[in-house]
Each structure stands twice: as C-alpha cells, then as structure tokens.
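In the two complexes below, subunit A is the common chain; its partner is subunit B in one and subunit C in the other.
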Partner chain A sequence: MAEQKKTVTFIIERQDSPTSAPYTQEFEIPYRPALNVVASLMEIQKNPVTKDGKKVAPVTWECNCLEKVCGACMMVINGKARQACCALIDELEQPIHLAPARTFPVIRDLLIDRSVMFESLKRVQAWVEVDGTWEVKDAPIQNPYTATTAYEISHCMTCGCCLEACPNVGPQSDFIGASPSVQAYLFNLHPLGKFDKEKRLNALMGKGGITGCGNSQNCVEVCPKNIKLTTYLAQLNRDVNKQALKNIFNK
Partner chain B sequence: MINVSFYLRRLHSLCGLLLLGGVLIEHLLTNASAMGGPEVFNQGLEMMELIPAPIFLAIEICLYAVPILFHGIYGIVIALDAKNNTGSYGYSRNWKFALQRYTAWYMVAFLIWHVGYLRIYLKGIMGEHISYALVQSVLSNPAVFVLYALGMFAAIFHFCNGITTFCMTWGIAKGPRAQRVVDKMAMGLCALMCLLTLAFMFSYLA
Partner chain C sequence: MAKNKIIVVGGGLSGLMATLKICEAGGEVDLFSYCPVKRSHSLCAQGGINACMDTKGEHDSIYEHFDDTVYGGDFLADQLAVKGMVEAAPKLIKMFDRMGVPFTRTPEGVLDLRNFGGQKNKRTCFAGSTTGQQLLYALDEQVRRWEVKGGVTKYEFWEFIKIIKNKDGICRGIVAQSMNSMEIKAFPADVVILATGGPGQVFGRCTASTICNGSAVSAVYQQGAAIGNPEFIQIHPTAIPGSDKNRLMSEACRGEGGRVWVYKDGKPWYFLEEMYPAYGNLVPRDVASRAIFKVCDHMHLGINNERRVYLDLSHIPADYLERKLGGIIEIYTEFVGKDPRKVPMEIFPSVHYSMGGIYVDRKHFTTIPGLMASGECDHQYHGANRLGANSLLSAAYSGTVSGPEAMKYCKEGKQGVALTDAELEAARQEVQAEYDKIRQMNGPENAHKLHQEMGDIMYDYVSIERDNNGLDKCLVELKKILKRWDNIGLTDHGNWANQEAMFVRQLRNMILYAMAITKAARCRDESRGAHAKIVLKSDYDAMTAEQKEKLVGVENIKFAADGRGHDADDELVFFKRDDSRFMKTTVINYDPATEEPIVKYEEFEHSLIKARPRNYAVAKKE
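Here is the complex of A and B:
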C-alpha cells in the first residue's frame, strides 16, 4: 500500500508593492513534526511553486529571533494577529490563512512597516534620561514588588499584535494603541524614569493618546507575552485623570 | 497644551453615565408606574406639570436636549474611530464594544423619531396632552411596539455597558477580577431593566 504523504496547505495573501492590490496564492508543503509557520515559509522560499504548479516569486516576510522574543514575525494567522515563529502547524486548522497585519503599511507580502510604534514610543518618552540632566550617583534601588510589574511590562517586544487586534487602531483613527501607552507606565515606575512622569502623562492626554482606548480589550487577549495591558491602561487612566485635575487646578 | 479631545472624551463619559443615565432611569420609572393603571401614570404626569412651564422647558433643554445632542454627536465621532472586528476576535468584551456602537446608531435614529414625534410634533406643535391613553394608542401598533422595545433595550444595554467602560476609563476597576465583577453586575442590571421594560410595555396592551 502506497504511503499517503501528509501535506500542509497555505492560503497566503500577497501584495507586490506598498500600493499594489493584494491577491491570494495557495501553497502546499510536505508535513513534518513540530513544523511552525516560519519554517513553512522557509520551505515555500526554497521552492516557490503554487499548489497548481505555477512558479512565483518567493513569499516575503520578516523574522529574526525565532523564539517569540523579537516580535518581528507578527502576522495574521487564521484571522488572528500572532507570532509566526510560535504558531505550530499541529495546532492550526487547515488550510492555514496567512495575511499581513494591515493596521500597518504593507511593504510586500507579509512584510509590514511597524515604525509607527517606534514614533509613538518617542512621543510618550519611553526611556529614562541618563544624559546628565540630573545626578544619578549610585543607581537607586527599586521596590522589588514594583520591579515584578516592570519586568512583566518590559517583556513587550513591540510586535504590534495589540494594535492589529484593536478596533480603534487603524487608518480611521489616531489612537497609538496599547503597547506604546503601557510603555509610558513602565518608565513611570522606574526610580529615575518617574521624574518625567508628568511629561509622559501629558503626552498620553494628547490627540491619539489614551482616550482613543474603547475598552474592547482585544489587546490583552492577543498579547503573546501575556502582559496585563488592560490593567495598566486602567492604571494609566487613573494617573492621567489625576494629572488632568492637577493641570486644571495647580496652575 | 489644551488637549481638547481628552476633555471632550471625559465629558462624553460623565455626561453619558450621569445625565443620560438619569434620563433613562426617569423614563423607566415613569413608565413603570403605568403598571399601576392609567390613574397612577396620569397622576405622575400631572405632578410633573406642576413645575412651571419655563422652568420645565429649561430642565428639558439643559438636562435632556443638550446632553443628548453632545453625547450623540461626539459619540458619532467616536464610533467612526472604530473598525469592528468581532468576526476575527469574537471575545465577549469585543462584542460588547461593537454592540455599544450598534446600539448607539439605532439610538440616533430612534431618538430622532421618538423625540421628533412625541415631544416636538404631538406635544409641541399639535398641543396634544401626553397621557396613558396616548402612550397606549402609540404602542397599540405592533411595529411601533417592537421598535420601541428595541429602542429601550438598546438604551439599556448602552447604559449598562457604559457603566463597565466608565469604571475602566476612570480607573475605578483596574484589575481583571474587578473589571469582570463590574461587567457581570452591569449585565445583571441590564437584564433586570429589560425585564422591567417588557413588563410595563405589555401592561399598556393588557
């Protein structure tokens, strides 16, 4: 009896340039145990032939660490935003649909431009001033309980899942999304970073800031690092409201 | 920096929960008194008519018309910021997020009809006296009855889910457990208010 060869079928949404129209192509690759989406895309790259035998340009995507740390391979897999490197074929329903995260500008195929998030991080001043603005001396000690929270938030890899899943982030709105907002909280927790707390809260009060949150809470559902985004957004809401009262009454 | 959109959003939230929530509860209680029969309902309306007309009009404008117009018009701006995606992300909170917007759109149409016909046309222009008999005649049309029931359900859901999002937006319920409890309590209140609505609406038909 001839052995039935197991295969994996992909339906991939492709796009040749940032402005051209998207189209889909179907690919079939041989199955092997522990296969994930990135490894499958590598298989397609080796032999870029569609299911109906047409030779095409290999599918473009971005990946880097291959262990859910860098965030680069975020794409929409079977309708949900997630990391391709930890999307195991065994756990996915076939045919597997791959699409770029269209909340961001598409460069080509599954490759997107996530620089808008880095601009947002600049906007909320997601860093600690160590440029000699003030004396640091010995590094100040951080409350270990606060450090646990900071450690959790610092796992954020700016992958953009939370922005892709959020109904309020996209070309129709100016909301910066959960990830950059919550990074402001991370640096507000830092013993030196908290000196600039007011600046960050005022930045979050600006256009496209935290008021853009509509509490759909998709961010916390899709976050691959399980950061309690909605909890920190609620804390930031508290802080921003207090800051607003200060702005009104203390000046 | 003035941050206009921040203050508008917060005002939208306060106005919705406190003022329009009050309007909804006032409507529920007044109409619930119809279950006591026409006399009780009409007595309640007569009590309201004891308020001198200019003061009553001022209350209607300040506590009803202006908050509804502000909440409605700015609400449309907010609703247009969203691209509902319950198809891909069918989580309970995401559904409520989408429903908050769907009910809002229904309310826009419903309120134009409800206020336009009952308050502006019948009471304002025709000088009709609002009474048990009038409400009964309006609700005797089955299509109107269904559209009114839907209008009430939409307003009640929008208000109750608004309590949950208010608690998040103002940082009152922060952790997942607190938010879950508020959500469940608000949905419980929603069910109770919907049942009360059905009870008084059917009492008009009986």
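Here is the complex of A and C:
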C-alpha cells in the first residue's frame, strides 16, 4: 500500500491578509510513514513550490506542541475542524483539503485569530477567586468523582473546533460557543469556585449566553478531547434557568 | 506614585507565576509571548510535580527531597537554591489545589502521589498524565483575572528581540515585534524577566514544542548575559521517535510500573532491572538513556536492530492505566496507531530539557543589571541532571522568587535612570534595520533545511555519548552553518505575518547557542549527570599518571581505530566525575569579536550535602 503512495497531494486554501480574497494552491510532497498534516506543512516550508512548479511563499499556520495538547494547530481538514498535528496522512482521503477555520477572522492562510474565545473566558469568570498565591491553609478535600469530571473538562485547550462546527456561532448569532460556556460549569464544580456560581450563571444569561445553543450536538462530535460538551451544556442550561427563576423571586 | 512596570517575556509556568506575584505586590506587568500564554510549552509536562506531602505513610521528608535532587543532579546544583525550592514545594501544591487544578485524588479525596525516577518515596503529585497542562491553566486563569482587574497587559503573538540598556548598562526595556503586523516597537520597563523556556529546537527533533528555540536566551547572551552549564542537556529515555518531533512518553509510565526491555537470546531482557537492582526501571533519566543507547548501539539488541526498545504497560490493569496515564496512552494510540494497554510501546531516548541556561544568582538576577531569568531558561536548581517532576516545581518556584525580587529591586531604587525617547527609538531602529536586511536575503540556502542539518549535527556529536574529537568537529561544522546562514534566501518577502523572516532571525540565535553548548561540553573533561564523555587515545596520552588513575580508573585500556577507549570487557571507557577540577559551574560569555563562547568556571554553594559517588545500582546512602 505504501508502495503506491509515493506522494501526498494537498489543496490548500490561502489568503494573503485579513482583507484579501482567498485562493487555492496545490502542493505535492513525498510520502513517508506516520506523516501528519503539520509535518507535511513543514515539508512545504523546506521547499515552497506548488505542484505546477511555481515558487510561492510558504504556507502560514500556527502550531506549538505537536501532540494535541496546546490547541494551536486547529484547521479545517477535508471539511472537518480538527488539530493538524494528529491528522495522520494514512487516514485521510487525498487530495487533502486544508482551509482556515473561518468562524474566526483569518490572519493569513491557515492562521486565525481566536482571541474572542479568551475574551469569553473573562465573561464567564473562568477562574477561582483565590485570595492570593500565598499560603492560606490546607486546600479543601474534594470528592474524587467530582474531581474526575473536573479533570475531563479541564482538558479543554481552547482550540475552537466546537465553535467552528457549531451552526450557532458566527455572524448570525452571538453565542459564545460550547468551550467557554462549559468552563463556567467547570468552576462551579470546585469547592471554592462554586462560591461565585451565581455570577457565572448570570453571565451566561442574555445576549450570547446559553440560550444561543441550538442543541445541534456538532460540538461533541468534533471535540478533540472527547469532552461530553452537550451533557454539560444541558446541565448548565438547567442551572441558568434555575438561577433566572431565583433572580425573579429575589427581586 | 506610578506603579512599577515589569516586563515578563514568556507565559509558561514561571512567567505566569512571576506575573501573579508582581501584581500582588502592586506592580504592573507587560507580558510578552509568541503564542496565547495558555498554549505555552509547560503544558507538555505530563507526569507530575514533586513535593514532600508525605501522605503515603512512607515518612517522606523535605530533607529527602533535597538530597534526592542534589544527588540526582550529580552535585552540581546550588544547594541553597535547591533547599529553598524543596521547602516551598508543599505550599505551592496547596496553592495550585485552591486554584482548581484537578489533581488525581485518593478515594478519600486527598491528593494522590506516585513514584518517579531517582526517588524511593512516593512524592509526585499529578493530574492524570497532563499535570503541566492543568498547572499552566490554573495560572493562566489567575493571570486573566488580573488582566480584568488591570494589572496585566498581554502582548501575545509578539516576539522578544533584544533588551535595551540605559547609559549605565542597566536593562530598562525590550524591543519586540508583532508576529502579524511585523511592527517593531520598543517597550520601557523597570525590570525585565525572561521566562522563555528551553532551547530544544537547537537539536531539531526533540520533545519540546516548536516555540522552544532558545532564541531569546541567545539574544541576551550576545548582549552580555552569561550562560551557566549549557552542556547539560537532558536526554529523556522514553519518547516516540518521529520525523517532526519526538513525542514524550512520561516517566510516569515507569513510575506506575512500566518495564523497559528488549529480546536477548529469544527472551525478554529487563535490562534496567538487571543493571540497577536498587532502582530498576526508576533510575534517573541520564542513567536510563545511556543504558538504552548502549543496548541498541553497542549491543545491537534494539527491536529489529533499530534504535528502539520496549516500554511495557500491558501487564497493568486497563482501568488503572486509564485513570493514571490516560492522556499519554491517548497520545501513543493516536500517533502510532497501537494500543499500549495491549502491546508494549516502542521508544527511544530524545533531547528533552536543558539543565543549563542563563546564569543567575539565587534571586534570579542575571549578570546584566535589571535583567532576570526564571524557569527552564535559567541555569538553577538541577545541576548536571534534572529529576523527573522537578521541572514543573522549579518553573513555578522560580517565578515565586523572580517576581517578588523584581519588585524589591524597584522599591530599593536600583533600576537607575529610565531610557530616553531617543534611546528607545535608536534601539527600535537597530532591530528594524536588522529585520529589513533579513527580508532582503536571497541566497540559495533554505532556513528550515539548515536548521535540520544543525539538529542532526548536534545529535551526532553532543547527545548521549560525547567525545572530544566529535565535539571539535561539531564546533567546526557549526561555524560552517553560521557562515551558510548568510546565504539564506527568503521565499516570503511579504511584510505581513512573515513567519519565515522571524525563523531566520531565530535560527542565527540558535546556531550561536549551539556553539555555547558544544564548547562547554568540549571543555568539561569529566562525566557528570547528563554529560558523559568517552576517553580517547589523545585524551589518555595527555593525562598524568595520577589523572589516568583518577579520571579513567581502568587498567589495560585499549583503543579502537576511532580512538575510543575500551576496557577488558570491551565496554567503552568514560571519564569519571572529577570534583577537584569540575565541581564548578560552567560560565560562558559571548565574545562579540569572534562570535565564539568564552568558557570559565565559577564556584557555587555546595556545603550542605557533601559530594559522594552517585550509583543507582545500590540504594542511596546519605
């Protein structure tokens, strides 16, 4: 099988600047076992020539860890939002189509601007209000089962796959998306974090909040960390509704 | 009164910890990073963080942690610095726990502990096998909180280029460049803290992220900051070899019972357990890496005679593995396509961590006033070899030192006069001119190919087994590469998000740092920790009788055609540790005239624990 696959063909959607028009270019690189999409883009860097022999600028993209922990190299590969580092060539249909995740503003080629996600983390107050980094006393004991759930959610690497796949994130809606919303749920689980549960739930009401979720379930399909996003969104939705009622009665 | 402004470069564990401490002390931080700080390389640390919590009935003590670290580092770490770190460790763990790090817990809800290499007691706190990710996120969240409160301004996707000194030579600012708009700007500050991580990319393939290139460290080295102990590069024994990167398989695999073996005479041979009965698979990394290298390269027992050995978890119950090592099992399954719960993993050593770095004092000041360094980019805490799970500790702890010390320095008014607008602009223009020159480069060399060549050379000559011939050759080759750098041609001449131009600039810094590593290794005629040097005939002939006795300690040494010494059993002969000559910190300064490193040695604090031979075949004696 490897004998036949001497080369790998890519069709890459490129864009020179945030405002310029996109175009595609085709590249062909030598095949080798265990090749992935990031390693392929690195090959193109070493010899940035298209399939037709045209010398071009190397493809621009973002990557750091190459082991699916940092979340940087998210892009759309054969139509699916995923991390490029663990997209193995052997498992992809050729030619392989690469495109930027256009839910986010494109900076150049496959490089996108995801700062909106980090802003959303501020909105939902995704942190524990510790008094400081100094020593206070022993941290509270935690239920190991709850801690296991927290550990699962805490794998979220803010890659943006769930936003790219969501039909409700984009110009048509203000929904902040599954990833930052579920972070609110994470901090509401923590024995100290839950002191600010009401603030986080209130932050998820109104424009862009949890009502923006249309329950299409795309997020959970694409999450590279297999976080049960829809389960936690559903629980969060219930918590937000309860909080809304509580707000009315407490007025 | 205006708040003190501190520039922190690097948003990994150390940079973020320093940032928090500065904010709490009333300072303001401009935080610079190549990437959103949440994507920094600290998140690749897997196995855990050491702290004497003593919750497993083993009578663990802080002293024991202290001694293990000093012994593991082959007596080259500053002992007072290490003492401070191990004493603070349990407090740091409680802080992280309060911040919401989802540490793995025992059934009664307290923090679980696991075994790690070079330590007999359970001392490693962990969050599954993604401990670094979880610790980094906790600090990222707390820094975001300060961003909202107004103490922190982030400059993400900005590259640090160099520091700016005032007329008295005190560092009072930096020049940085936006990685998107390519705008170059000068930023003033009272103090600058570099927390820019390790130089793994100098070796091409390594376990580090693509951003860990040591470029910032090299930049300040060229501006006069001394480098300490750069020859001590840790080779991690267990990584999945790859063409784009070597992916780490945590030491936690061995901590949780993983066994390393190869076939010998048709039967599994658990060579670490046989060679080192006291520690077995849990010998420190330098020892394990050398053993694997020997088994593959000298005994030709690697899997299919290739450079690979088995790391076996398949005897451990699958649900236990899932809970303790889920994250890395996923990495192996995803990138190799085989399930480590069912078949042994195939691994080989890889460049992993730099014990050395910018030379700092115990307060984390460099040799340039006003410039500090903390985290992997400094030279402190680990001596000649770092113990597993001490890196997250040193990263976090060093930030708790550098941040407050920076504020104290400001309060004492040591920062001297601020930069004038003219000085800021002059520094900016200098960097602008260098950048414009790079953009116009149109020679035949491709920067990425040149980088790969440099990495291969470094692996060939400056990794697990070194010898003076190879190191001399390596220096010659590196100088050739430095020359060829001038002949690089850019394929991207644009001025928007030009990653190639930035890489070309980084590559030059990497080459100069590679020369510092190599020169330091060349000058250290002994074996200590990660630095193991083979005795050549030329070395032997130049020795006095006493030196022969002491440094080699072998009778009837024979030399092969390549000049390498062998003993009666045909095993390679290495230099021994030589405390009388080399129980000193290597200090490297840059010579601007020749662009070469100048090596000298400095004394360091080692009076608390007396140096003794390091031998993991027997239980450690204090």
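Methods note: the second predicted complex is superposed on the first by the 240 of 251 C-alpha atoms of A that agree within 3 Å, B and C clash if a C-alpha of one lies under 4 Å from a C-alpha of the other, contacts with A are read in each partner's own complex, and residues count from 1 in each chain.
As a convention for this text, contacts are C-beta pairs under 8 Å (C-beta built on N, C-alpha and C of every residue); 3 or more make two chains touch, one makes a residue touch a chain.
Quantities reported herein were computed from a predicted structural model and do not represent experimental measurements.
Q: Subunit B or subunit C: which reaches more residues on subunit A?
A: Per-residue touch count on subunit A favours C.
Q: Which partner chains sit in contact with A:215 here, subunit B, subunit C, both or neither? Use first/second/both/neither.
A: The first partner, subunit B, only.
Q: Under the stated touch criterion, which partner chain does A:9 make contact with: subunit B (first), subunit C (second), both, or neither?
A: Touch status of A:9: no partner.
Q: Once the shared chain is lined up, is A:231 touching subunit B (first), subunit C (second), both, or neither of them?
A: After superposition on chain A, A:231 lies in contact with subunit B alone.
Q: Looking at the overlay, does A:144 come into contact with subunit B only (first), subunit C only (second), both, or neither?
A: After superposition on chain A, A:144 lies in contact with subunit C alone.
Q: Which of the two partners, first being subunit B and second being subunit C, lies in contact with A:175: first, second, both, or neither?
A: first
Q: Counting only touches as set out at the top, which of subunit B and subunit C does A:24 meet: first, second, both, neither?
A: neither
Q: After the superposition on A, what does A:207 contact: first (subunit B), second (subunit C), both or neither?
A: After superposing on A, A:207 lies in contact with subunit B but is clear of subunit C.
Q: Quick one: is A:94 in contact with subunit B, with subunit C, with both, or with neither? Answer first, second, both or neither.
A: Neither partner.
Q: Taking the contacts subunit A makes with subunit B in one complex and with subunit C in the other, which residues are shared?
A: In the superposed arrangement, which is not itself an observed complex, subunit A uses no residue for both subunit B and subunit C.
Q: Touching subunit C in the complex: which residues of subunit A?
A: It is residues 16-17, 32, 34-36, 38-39, 42, 45-48, 55-58, 60, 62-72, 85-86, 88, 107-108, 111, 114-115, 118, 121-122, 125-130, 132-139, 141-144, 147-148, 150-151, 154-155, 157-158, 186-187, 190, 192-193 of subunit A that touch subunit C.
Q: Along subunit A, where are the residues that touch subunit B in the complex?
A: 76, 79-80, 165, 167-168, 170, 172-173, 175, 202, 205-207, 209, 211-218, 220-222, 228, 230-231, 233-241, 244
Q: Can you list the residues on subunit B that touch subunit A in the complex?
A: Touching subunit A from subunit B are residues 1, 3, 5-7, 9-10, 78, 80-85, 87-89, 91, 93-94, 97-98, 100, 164-165, 168-171, 173-176, 179.
Q: Which residues of subunit C touch subunit A in the complex?
A: 17, 20-21, 24, 35-36, 38-41, 43-44, 91, 94-95, 97-100, 102-110, 127-128, 130, 133-134, 137, 141-142, 144-145, 147-148, 156, 180, 209-211, 242-245, 247-248, 327, 330-331, 334-337, 400, 446, 448-449, 452, 491-494, 496-497, 499-500
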